[in-house]
Amino acid sequence: MTKTKPPSKKSEFLNLPVEPFVVQPGLSPEEILHRMERISFQGRNLATAHRVWQKMLADNVLIFLGTAGALSAGGLRLIIAQLITTRAVDCLVSTGANLYHDLHETRGRSHFIGSPTVDDHALQTQHIDRVYDTLVDEDEFVENDNWIATFVTTLEKRPYTTRELLYQLGGHLWKETGRDGILTAAFRAQVPIFCPAIADSSIGMGLSQARQRDPNLGHVDVIGDIIESSNLVIRHPRTASVVVGGGTPKNFINQASVQADFYRPGIGGHRYALQIITDVPHFGGASGSSLDEAKSWGKLSNDADRVTVQADATLVLPPLTSALATTARTQLESRQAPRFELGGRAMVVDGKPLIVNRFDTNRVEVF
Amino acid sequence: MTKTKPPSKKSEFLNLPVEPFVVQPGLSPEEILHRMERISFQGRNLATAHRVWQKMLADNVLIFLGTAGALSAGGLRLIIAQLITTRAVDCLVSTGANLYHDLHETRGRSHFIGSPTVDDHALQTQHIDRVYDTLVDEDEFVENDNWIATFVTTLEKRPYTTRELLYQLGGHLWKETGRDGILTAAFRAQVPIFCPAIADSSIGMGLSQARQRDPNLGHVDVIGDIIESSNLVIRHPRTASVVVGGGTPKNFINQASVQADFYRPGIGGHRYALQIITDVPHFGGASGSSLDEAKSWGKLSNDADRVTVQADATLVLPPLTSALATTARTQLESRQAPRFELGGRAMVVDGKPLIVNRFDTNRVEVF
Amino acid sequence: MTKTKPPSKKSEFLNLPVEPFVVQPGLSPEEILHRMERISFQGRNLATAHRVWQKMLADNVLIFLGTAGALSAGGLRLIIAQLITTRAVDCLVSTGANLYHDLHETRGRSHFIGSPTVDDHALQTQHIDRVYDTLVDEDEFVENDNWIATFVTTLEKRPYTTRELLYQLGGHLWKETGRDGILTAAFRAQVPIFCPAIADSSIGMGLSQARQRDPNLGHVDVIGDIIESSNLVIRHPRTASVVVGGGTPKNFINQASVQADFYRPGIGGHRYALQIITDVPHFGGASGSSLDEAKSWGKLSNDADRVTVQADATLVLPPLTSALATTARTQLESRQAPRFELGGRAMVVDGKPLIVNRFDTNRVEVF
Amino acid sequence: MTKTKPPSKKSEFLNLPVEPFVVQPGLSPEEILHRMERISFQGRNLATAHRVWQKMLADNVLIFLGTAGALSAGGLRLIIAQLITTRAVDCLVSTGANLYHDLHETRGRSHFIGSPTVDDHALQTQHIDRVYDTLVDEDEFVENDNWIATFVTTLEKRPYTTRELLYQLGGHLWKETGRDGILTAAFRAQVPIFCPAIADSSIGMGLSQARQRDPNLGHVDVIGDIIESSNLVIRHPRTASVVVGGGTPKNFINQASVQADFYRPGIGGHRYALQIITDVPHFGGASGSSLDEAKSWGKLSNDADRVTVQADATLVLPPLTSALATTARTQLESRQAPRFELGGRAMVVDGKPLIVNRFDTNRVEVF
């Protein structure tokens, strides 16, 4: 881990005391987080995350949000939707499952409160699927897959990037349901969603079932997603990364930055990085990798504000986003977020389309 | 894990929908926790912990609190002090480190904000000790040890249970400093503190240094603590357990219940159990053991309300206790908490002393 | 978790004693594992994994292997290659990173021993990338990407499933290097490899760079992979799952089984499941999900032999596969593994091609 | 974390390639570990642990072993016994549970193979206790407690350090059973055992039951243990620490070194440190603390060979000690281990008794 020259006097090390948290009735979540800035361990890290997110919003950066883990099934989908709607983030990269479980609820169905010690054979008999302490009706999932396949028949018979496909899916869902959710919020706010591992999800299964109806349907261009996400960074080279849960979104967001730098040297990685993860670095996996390690790859600029919160997102996102709803209000209102138009094959950013199907090597830009 | 007969119809499984958390500015911590009751995973568990703690307070139970991990160094000592002062708990079982770090700050010193990636050799050179991201002046620690040794010279030359010793220590500290902290709050509120592993802490080191001055000093009777804690349960057989961090306190609290049941059969384990831990069950260690497993041992009554929150306490205790400050106010005000007098060798509970040095096998009691 | 009717007598519970492990010089790894069958916790689970893998090999099942985490960079790629060559597994599902790091070494380059506490800024300056305690030359990675792009120009200008693409890549690599590795072993043994999240990897980056040369290059059909993997299960419905590290491969292997069952009801999930993971179930993510939970989804047959080993694969695979090299020799020699021909668009299994681009709904089969 | 000046050229970083592990039938455990020295992550750490332990044995150091977690119940007690008998370690610091479960089996009883998903209420009804996947007869435990209480009545009516008490207990057990185990091996090999948290264990419960028979029985002097363990380090200032599972033993071993240095400055911490743990550093607890952090406290000399293996001990100790049985044979045979006589109140080391009841501040020694 990179570090600055160590102080040479004791007083230089010992200058900011821990301040014990004092409980009071009537504290707001933001006051709680403010007090947590002066405690230790993951509590302090959460408070730092609160500050780092505020700084991102006050700076001129494009904010990626990565979502992995069962966030939608676990009750966090409207938090993500709200981050999109208020433009606390600018571009979502997600696992397919989170989008599928979002679609499930936007279509009017539910996940249900269960227990991790229920009899799984009994569940199987009843066509009920379990995600730890949460249950869902498998027959409704089967029907979702069919609904997706039917939606796909309304598309053109050509490959779609997941970004374009998910925009269309969000629009279709909004027209049919008029309900809030991740996909519909992203459609309405014109916020792009990438899903690099779409083949590893029930949305992918729905696409495959569309192809069963017509072999020219259900084609996705995930390599096109790599190009488009990199061109987005080339267009808007100052970026930030908010990662919840690790997985493919964490790497894809970093890859967009690294690949952009390959074609337009000097981009230099994210300016801010915040991750909420439960994996640890010492087994070598990418989900748990540290933000210091990210610097070696050029995924992160060397002086980036960065913080890792080691915790379950269901514990962390509700208080964190509740606090931001107050503390970041000014920044959100005055923020000049990138403006997208997502209806066509080419993503339009701030009025100018990105190049399609090839990396943008032409731009001469100072940043 | 024990479970009831599974439902035979799908609708019996799927009856309580997950309700996605909706962010709003101005939510109080208790409103946030209330909404988290209907999400999943550890977020839901935290909301359940909030409810279980309220139920404990409304019921006639003796509430043990176990504290392990670097809670005091990490900025949580005044939360624990406040739980003691408001009698949200009735008896503390702690590692020595938490009490020692509390004493350090009550004596007017500090822990300091640091970084986990600092140069540890430089720290060693400067006489600075590190606890992950938190620093402390080693020379001040040396001086604390000496202060403790001097305090011990004021005691009688006989073995003390840790409970009696820590009461005297709290009193001495209060007289000298007049400052809030765990030890001083417990002294003032007459709440007993047990420290079964005192020999594995700097308080133990201070006691050993007292003996260096006089071989008749620094004797503790930790077996006496076993007897007294069991007699406490025999006197007040309806109990609850709040465990933060596992370790020796977790087991000691359970052991008090099991040992009490041995001499007064029918006690039947804690009525409520709430644990906030980071260890996991599948390596077999006691810190991470599940509350279902606890039932096999009779540590927990079979129908106990119980919940495990898998998280760092620094993330969880600030919002949880902030919410309780409001939501449990009525229960705390009307609560008939056990009343202790701790100045003598025998702990006095509700006006009657516990038997000293032997288990109370005489009581005939209905509960 | 499903369980059988509990025994009603103590002796029915307490019938198989733990046998303390006895150390002796000269024990073979298989003798060590044999003794570990009678200890507890993850040690016992590893011994069970050894037995379960042997049972798979003795039964007529198609064995999937899923690989996630930095296995290749971490020194395990020749273990995976050997599992493929000896047909201890029949079909690999992998993250892109594992295949890319394999390609890197097969091309004659190395990963290097490093330290997790090295200065990451210094690494960045030197163009060195870090994976926890392992280092790699970033300039060589850039050259790999270019090599992949050049390879892609030798392919037809049409979408390839990752399975077909990786077979061609393995062949190209074998012709150029003649060296052992995952990709070359799979090519030579005609073992299929799927990479559902290829867009989230440097192989995907190489594909995107090919498209920079020609917009008709670098197209992959990941939805085709869903169909082909399901048709493989429809053809060979008795399956087993060996999962190392969770991630997208874990879910993709289960999805193939579930999707196959949708078109050919009665398949009923894997007959055997073995997973070596570091994630835990209680945060709700798929990587850490339990094999009991898998039963609720129909991913696993209700009576499947199954075991989870909670450990880093670098600790577990070397002794486990070393033992299997001896203990499974007979099964491996007499095993009638599915025979693949992978050169064309349609995968040929045991002499008969799978249907391309649509699920196989025609087969009438008894199993 | 302390680090040396980083190399300035790429080739200085990238000089020792990872060598992929190659599976072969007939490899011995030591050959497996030797090959694992060149892989990554926890696999490499285990190989390093193997080397570090060999180096300890070849050097003139006093080796502490700390044991926490359910090692004895989990089938590792004879490994620990063998480490004691062969003097691969010189002094044991243990939780009470490990010694109690050892006593249980040495007395001819067993722990039993169970499942983590068994019905705990049924177990409770049958008087069966569960430790994750391991079961034990609670009625036999009750009888053990009584046996311990009866043993205690044979002791003098004065406080015993846990070290002296456990030596007597081991002797009593050996005379009665003639069976191998931790306590009996330590008795026979004259290896001291400290149990600083004895009050938090069933041995403590047995002691408390002895006091029920006679108030002058069951007194332990845990502060005396602090003094004796420090005097041991003062006598033999070159030390090594092998920690399995963290907990109170980990800290007590470090405390002995720190306290010794207080009275005899210049000792400078352990020369070697090896820990096998499942806890992580980022929650601030001592069990998971890093060995770099230990240096800031002076628990570890700055240039100590040290390694942390993040894994369950049941996975790691069987292969590691099996390999050492061969690879360390020469060192074990030629080793000049400290020679103890433990029958009296004063521990005799190499023919000279340690001072009792006060720290040894008189020695003038060069080391």
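A, B, C and D label the chains in the order they appear, each numbered from 1.
Please note the rule applied: a residue touches a chain if its C-beta (ideal position, glycine included) is under 8 Å from a C-beta of that chain, and two chains touch if they have at least 3 such contacts.
Computed from a predicted structure; not experimentally measured.
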Furthest chain, CA centroid comparison against chain A: D
Using CA atom averages as chain centres, what separation in Å is found between chain A and chain B? 38
List the centre-to-centre spacing of chain A and chain C in whole Å, with centres computed as mean CA coordinates. 27
List, in ascending order, every residue of chain D touching at least 2 other chains. 1-3, 40-42, 70, 73-74, 117, 119, 122-123, 128, 131-134, 280, 282-284, 292, 310, 312, 314
Draw the chains as points, connect those that touch, then say whether the picture is a line, ring, star, complete or other. complete
Interfacial residue positions of chain A with respect to chain C in the complex: 1-3, 68-70, 73-74, 97, 116-117, 119-124, 128-134, 138, 142, 159, 196-201, 204-205, 207-208, 211-212, 215, 218-223, 225-227, 230, 245, 247-248, 251-252, 255, 259, 262, 278-287, 289, 292-293, 295-298, 302, 312, 314, 357-359
Per the contact definition, I'd like the list of chain B residues that touch chain C in the complex. 1, 40-42, 117, 280, 282-284, 310
Over in the complex, which chain A residues touch chain B? Could you list them? 1-3, 6-7, 9-10, 13-29, 32, 35-36, 38-44, 46, 70, 73-79, 82, 105, 110-115, 117-119, 122-123, 126-128, 131-137, 292, 309-319, 321-322, 325-326, 329
